[in-house]
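The following pair of complexes shares a single chain, chain A, combined with chain B in the former and chain C in the latter.
Our next item is the complex of A and B:
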């Protein structure tokens, strides 16, 4: 059974300042929403408030429309997987997973039988009788996930649970979360500072900065249509070209690019994802630029270019992410093309 | 060459510890050996040394009775201290603000000497003491001081040592218990269940270690049981001190036999406690 979760104008003040300010967010039933933000942006505090481990200074947390004010954590039916696995060291793996059933008054036998099913789900049934200290980091986090799922939560909260795992283990955990979503369809709120993790796991991303939600939308939208420059930077966007919007087009050294119809006239930044740009032969793109830096990124290379000075004397720089090693060198000149029909502007 | 490095490091560690460890070993071994010699008549205060087991055989009944009383007082005081200490620790851990006040009061209790505390308990709990007067000196006021159950002495130990137990427990588990209790509450555990199923199991190793310390301390402690207990029968330390300070110098071997019996009981208690604590090795 899964439920919807809503935050209505939630604020949290710790005395030295506001950690959360007027947060309003709705997570539909069985959806997965990622709260993405830097350390200190307030995302973990929001999760703790939802779990009942902290109380908001103002605002409400609603589950299926019901206000949870004053409902203690143990009665909310919301499970939280922490950044650290936090397995109980005095219990073996099986009894850790059986913990919630035992607390609800089930017999040891019934609790263990149910726990074993969840250990099977995370493919750790063979480790049932091990002590938590004898598991690897990835195994511990799997047990922690199984333990939270064994609570049969209405909502599952994940507080950067994979941040300490290596990249291969992370991929395994992403696959596991996909499995769990397809089998149990829980409502999930994931806190992360990793934009890739948010994009891989979530249906939508809410970008937090200094205690405010800057934008909440589908994964592609927040990447390609950021509401502000801060959202663009949080999502890893590197290109913000200053210029001005006039008659539905953004005018800059990059040229005259059609942008969203509701863009405000006047100064604005053209936001172009580095993945949406291509290097082309000189004079065959929208603009030419001189290569100033080449940064290998595994299978990709990030090329930084200084744009040629426009007729109005303005200039700028761009980053282009290309597959493999490009046939350019620092100091060389290349054309830059944009593969979208229209661009996107964000206010400065 | 590199294989010798650990050996060299352990030798260096031994040398560094030697200034602290050697005096302890010399004093402890020397005192025990001297006590043994005196109990066997081989180090008399006056006269010629002569091997004798009289102190151990003729006084064995009294030593056994004293040992029984000492074990009772130590066991009761330890149980009371551990139960109260755990409750104080749980309160300190659960209540961040008022818990600090309790932690401060507990810390303030520790430097008060047992002699002062025992005197205070005597004034508080005797049949003409403060509490009896406040209650109008009822005839049925229990005989805490000088009574057959050593109530005042056990309460004094419980009060002093529970603060020690609480601070040991808080110090050993406070860093991780908060997060684990948060996890437990999101898994449906009520406050009572969190205390019984998370805090208590995590506290067991530190409770065990502090229980051993309290047990051995109360087994060998003299002032409180001397001030607050009945004149007879005597626990081991009271008997040992009385005989050692007796005008009859021939009682010295009996005093030493009693003291050594106290040491033996203490050693057995420590070894038994350590064996039990091995079960909790994974939790430390």
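Our next item is the complex of A and C:
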């Protein structure tokens, strides 16, 4: 059983300033929304408010349209998984997972039987009788997830649950979350500062900065059509080319690029993902540039180029992410092409 | 180096007990003999006399009562200190430490007048005074435990459906069980081994082991009885300490 979750004009003030300001966000039933932002952006506070562990200074939290004001955490049916697994050290793995059933008054036998099913789901049934201290970090977090799911929550909140795991374990956990979503279809709100994690796990991403939601949209939209330069930077976008918008096109050293029809006329930044650009032979792209830096990134290389000065004297720089090792060197000149049908501008 | 200090420390604790143990089993022991001339079980038999049995029960009741009062109060005090701003919490800590700074005799004399005036029964009066003396120990035992206590355990429990009472019973108390045992043990020791408060506030009506030991040591000249009573005072706390330490030792050995 999963539910929708809505925040309506939620604010939180801790006395020294607003941590959250007028947050409005809807998470549809069975969807996964990632709250992405830097430390101190207010994302964990929003999660605590949803869980009932903190109260908003203003605004409402609604589950299936029902206002949760005054409903204590234990009656909300919302489970929270923290970054630290926080398994109860005085209970073994099975009894940790059986905790919520025991609290709801079920017998020890029934609670354990149900808990075992959830341990099976996270592939840790063989560890049922171990003490939490005898598990690895990844196993502990799996048990923590199983314990939260055993609550049969209407909504599952994940507060950076995988950030302390190594990269391989994270990949395993992502696969586990996919499994859980396909089997149980819970509504999930994921807090993370890792844009890749947000993109892999969530259906949509809400970008938070200084207590405000800057943009909420599908994963591709926030990457390729950022509402502001701050969203572009939060999502790892490296290219912001100054220029101006005129008659539906952005004009800059990069040329005259068609942009979104509703773009405001006047100064604006052309936002081009480094992944959407390609290096081509000189004079075969939209613009030429001189390579200033080559940064290996595993299977990709990030090439930074200084654009040739345009006829109006303006210039700029671009980053291009290419597959493998490109056939260019620092100081060399290459053409840059843009494959998109249209560009995207964001206000400065 | 460390081993040498360890041995010296062990000797410092154990050496005074050796003459006691010898006196406990001695029949006759005259100077300048190094060991008793004859041995006897009279000391052991004395320990089972009704008078000493009754004193042991009174001491145990006193120690347990002090532990029952001072342990929860210590937890509440530690929780309160934790929630207070730092400047306020320092002040409360100093107030709680005051019983350690005031000489027990002065403290007890002051309390005695007050307790007599409000007609407090002697046992309850002694428990009350000793609970105050035990409070610094219990508070600081919980204070150090709470310093490493993660409140998010309770938050997780609440999101898993536990109400306030269930969170207390199934999360907070089990997580603080070790600190509770240590605090209760210290408070028990305060009640079990007390002499001054029991003598002055109990007004002679409370016959505890330390009181009988005191009078035996002062006037009886019966070294065997004195040694038997001394060991009776020392023994139970050592047994309790061993019982408290056993689970942790077992855990360490298993690792």
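By our rule, the second predicted complex is superposed on the first by the 348 of 348 C-alpha atoms of A that agree within 3 Å, B and C clash if a C-alpha of one lies under 4 Å from a C-alpha of the other, contacts with A are read in each partner's own complex, and residues count from 1 in each chain.
Methods note: a contact is a pair of C-beta atoms (placed from the backbone, for glycine too) under 8 Å apart; a residue touches a chain by one contact, two chains touch by 3 or more.
The structure presented is a predicted model; accordingly, all values stated were derived computationally and were not measured.
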Fit or clash - chain C, chain B, common chain A: clash
Which of chain B and chain C A:151 touches, first, second, both or neither: both
Which superposed partner A:72 touches (first chain B, second chain C, both, neither): both
Touching partner for A:100 - first (chain B), second (chain C), both, neither: both
Contacts of A:251 with chain B and chain C, given as first, second, both or neither: neither
Which of chain B and chain C A:80 touches, first, second, both or neither: both
Footprint overlap on chain A, where chain B in one structure and chain C in the other make contact: 51-53, 72-74, 76, 78-80, 82, 84, 86, 88-90, 99-100, 102-104, 147-148, 151
For the chain A and chain C complex, residues of the former touching the latter: 51-53, 72-74, 76, 78-80, 82, 84, 86, 88-90, 99-100, 102-104, 147-148, 151, 157
Sites on chain C touched by chain A in the complex: 150, 152-153, 155-163, 166, 170-171, 174-175, 177
Residue ranges of chain A touching chain B (in the complex, touch as defined): 51-53, 72-76, 78-80, 82, 84, 86, 88-90, 99-100, 102-104, 131, 133, 147-148, 151
Chain A-facing residues of chain B, complex: 179-180, 182-190, 193, 197-198, 201-202, 204, 282-283
